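One chain, subunit A, appears in both complexes that follow, with subunit B as partner in the first and subunit C in the second.
Our next item is the complex of A and B:
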């Protein structure tokens, strides 16, 4: 069999904070796509699972100068010295060399939650309960994503099930590269404000690569040197100024 | 007797090995009958010369459909072909009422394993036999043995209890995927094959 030569990608995201209305459609579509069960009654914002969490940040000024921004925070897919990879005692997390996606294998996870402590973005979640779906709703489960059990950590993987499906489709058509239109994460698709752009950062022509280079684009906590691949964008200077020491209200 | 201790030790070791190799598999696996017999050779042999993908099809988006649905069988077997008991049962119990045959799948993998037949067979041009062996020319279905602990088929571990395959297509464990990928210098992260 000849060697399959796949193009090396670096998938990334650009979230326009000036467009985000904080509606939470991304969180819902993510949960549906990735088989995240409805929250238990006892779940709190700390113990519930949402692979992308929308938080509000305020400029703290008095009316009428007061201003709020909503920040959707999926896994930032850190490329360098990835904190969760560095601390995992189980090798349950790795950065995929073909895509740059930080992958989590829950079946390897022992539930120590060291990764959650290490993650500077609080983008990791722990399953405090076994997933339970209301009767009949298990019919809506996505066969491309394996549900996780109680006692393991999980996080956003840029809808990896959709990447698998796109690869299978490409292979069936005899292609080695996936079509960009075939691989769009659920949150990108669901956002009614079209605030999220997704694509290959290695492809200089892609919308995400061009958008990320814009002077009003930034990443959170660049000072840590993790080379995250989720970019944000805002015309408002106070939002950008909070990027390195951000405090969510 | 001078060597009595050694003899007792060896006898004990041999007895333990015999239990491990021959008795333990009997305890570990439960044999379950397939719902109905199936003869691959009749379909793929000279008389009909069908190819694997005529029944084991791909969907339009490249997904592999696996074991065909009963409607696929009904394309030819809407009425009984021949007079065998199996044929009669197939038509009466499944095809006429339109009921799916509850096949037990030898290759069923855990939920978190992703495998694309399109990548390997359509683009990689691997023959089916490379992984599935001469299954397509078999006249009867092999016995279906369920691991009592994991619930998976014995064919995932491989028929040989030692885990060392006697034939290259024996066993469908992760090592087999990993070894083949390593031989071809494929560098992948975990999520390339896990979902």
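Our next item is the complex of A and C:
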């Protein structure tokens, strides 16, 4: 339903790979913010849930030319033919036309994992276990975010709980639009290197829109035509040159 | 009681022998049911699937058995719509095999999804753009059609026929068989295709993504054609296998040859179109999405050999053998070629499901490996065991091969 009181936004992100140190603070803050249960003992890097994941990418050159970059990868919030939306058999994934955010409805999810197969960025995760918190730790749960049950897919939604909070605040103050400073995802806030910038790509003056237009900004797998809204930036040409496909060892 | 249930004029092994035959399959089913219980009650962490290999053995085998189970719809189509009456001798068996394949696949799917109790959501708020919705719709309806087609076979049982109402019902069902065969063909066309479309639409997986013809990717049509092509081969193989195990002649040799011929002709057309499709993908679709096709065959252990194996060794070769009258006249060649054709589809479904997921997309990713857990294997073996049990019971107590009695009596004379 069209909401006349709010302007249309296209929330996006810009991650400066030259600033990222690979510390993982974004992953931790994301897990805490979004009520991601502590990993089970048997969980591996391939079965654990991390809405944003930091991977290392090397240029493969011999010392002293060796260079490594760390790539934090949340859901890329694809805009065109969003791969996970079209495939979901029961409409559990949608793109909010008001914000451009790709949302997941865990209560409706069948757990078929077709969306995970469709996602080229591997940004979707499955709850292989029941979510469990050690006794007492459930006190730390964020009341703005519903924890997910076992057997469903989940992923980054740009901290939707924070968007709701910002909207509530705006409404309480008699505003129809949220203030940009009120809606900042947890990873953006936690990054000690200020490597992640977030904002409305429709607002040409925003830091994220200006940064995304920079010639050293790029997106991963851009030729797939998914029009993702998470941009990356690096001054190093080899990083940008390798963004379109996997590399042969 | 057992003797009274066996169709008149047919030889069957003793009841004790029959029970001995069932025991290992029942055990296999039992182990599988325990594995299914673990997955349903405790969670899918019992499998070796993960966030990257989100589809595993189960989806691969579902796609495979559904392709092989196409013999049911295609034999029905040839018999009831195209009036190839010689197929009357195998239609009952084909229906049972189809029923086993489809019900088994649906059962495994219900374990595979994380929230099986929400399966009805697909009917309540379906996403009509999703290939999986089409698959779910068609599978459910077609499984119902198969059950209705199976019903007259059961009702024809010697004891059940004594109930007049059943006999009338069975007669009425027989009259609508051509309608059911038509409906079955229509539904099969769509879900076999949608299973291919499932991967063909994956724009984010350039190894699987294919150009669209209308609203469907080319894999839609290739899957329909390949399933129709190997369906008769699988019916042939199963019939041959039952003949070997029961040491009886069940159908006349010309039926085998006809099934082989149909399979061969369709296989030739399929291989031709598949080759064209592969060339278009290699030279156009894949490079356009940023991935040179050769990369896929240089990553990991999936070299071009798998392409040659699928299209030539297990595709073109059996197809040529099956269409050559001299070759298919030799029983060994006929059965061998049918087996090779079925294996070709097994490889094709493997490539589409497993290889697609193993291949990376992002520059910092490597080729992934995956091996199923014992729970995944046991669950699948439970379906095999269920299939053998249902087929064995049907074979013993129902008339799966109408020519059997005549063939037996003529050999006796």
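Here is the rule we go by: the second predicted complex is superposed on the first by the 241 of 249 C-alpha atoms of A that agree within 3 Å, B and C clash if a C-alpha of one lies under 4 Å from a C-alpha of the other, contacts with A are read in each partner's own complex, and residues count from 1 in each chain.
Simple rule for what comes next: a residue touches a chain if its C-beta (ideal position, glycine included) is under 8 Å from a C-beta of that chain, and two chains touch if they have at least 3 such contacts.
Owing to the predicted nature of the structure, the values given are computational and were not obtained by experimental measurement.
Undergrad: Quick check on the subunit A-based superposition: subunit B and subunit C, clash or fit?
TA: Here the two partners, once superposed via subunit A, fit next to each other without clashing.
Undergrad: Which partner chains sit in contact with A:113 here, subunit B, subunit C, both or neither? Use first/second/both/neither.
TA: second
Undergrad: Report the partner of subunit A that touches more of its residues: subunit B or subunit C.
TA: C
Undergrad: By the touch definition at the top of the document, which applies to A:59: first (subunit B), second (subunit C), both, or neither?
TA: After superposition on chain A, A:59 lies in contact with neither partner.
Undergrad: Taking the superposition on A as described, I'd like to know which of subunit B and subunit C A:172 touches: first, second, both or neither.
TA: first
Undergrad: Which holds for A:164: it touches subunit B only (first), subunit C only (second), both, or neither?
TA: first
Undergrad: For the overlay on chain A, what angle lies at subunit A between subunit B and subunit C, C-alpha centres, nearest 10°?
TA: Between subunit B and subunit C, as viewed from subunit A: 90 degrees.
Undergrad: What is the contact status of A:202 with respect to subunit B (first) and subunit C (second): first, second, both, or neither?
TA: In the superposition, A:202 touches no partner, neither subunit B nor subunit C.
Undergrad: Look at the superposition and give the distance in whole angstrom between the closest pair of CA atoms, one from subunit B and one from subunit C.
TA: Nearest C-alpha pair, subunit B versus subunit C: 13 Å apart.
Undergrad: Where on subunit A do the contacts from subunit B and from subunit C line up?
TA: The overlap between the subunit B and subunit C interfaces on subunit A comprises residues 108.
Undergrad: Under the stated contact criterion, what part of subunit B meets subunit A in this complex?
TA: So the residues of subunit B touching subunit A come out as 58, 61-63, 110-112, 114, 116, 118-119, 122-126, 184-192, 194-195.
Undergrad: Which stretch or stretches of subunit A touch subunit B in the complex?
TA: Against subunit B, subunit A makes touches at 1, 3-4, 92, 94-99, 101, 103-108, 144-147, 157, 160-161, 164-165, 167-176.
Undergrad: What residues of subunit A sit close enough to touch subunit C in their complex?
TA: 40, 42, 44, 46-49, 55-57, 71, 73, 81, 83, 86-91, 108-114, 116-122, 124-130, 149-153, 220-226, 242-249
Undergrad: So in the complex, the part of subunit C that touches subunit A is made up of which residues?
TA: Within the complex, subunit C contacts subunit A at residues 43-45, 49-55, 112-115, 118-119, 121-122, 124-127, 129-133, 136, 198, 201-206, 288-291, 295, 298-299, 356-357, 359-366.
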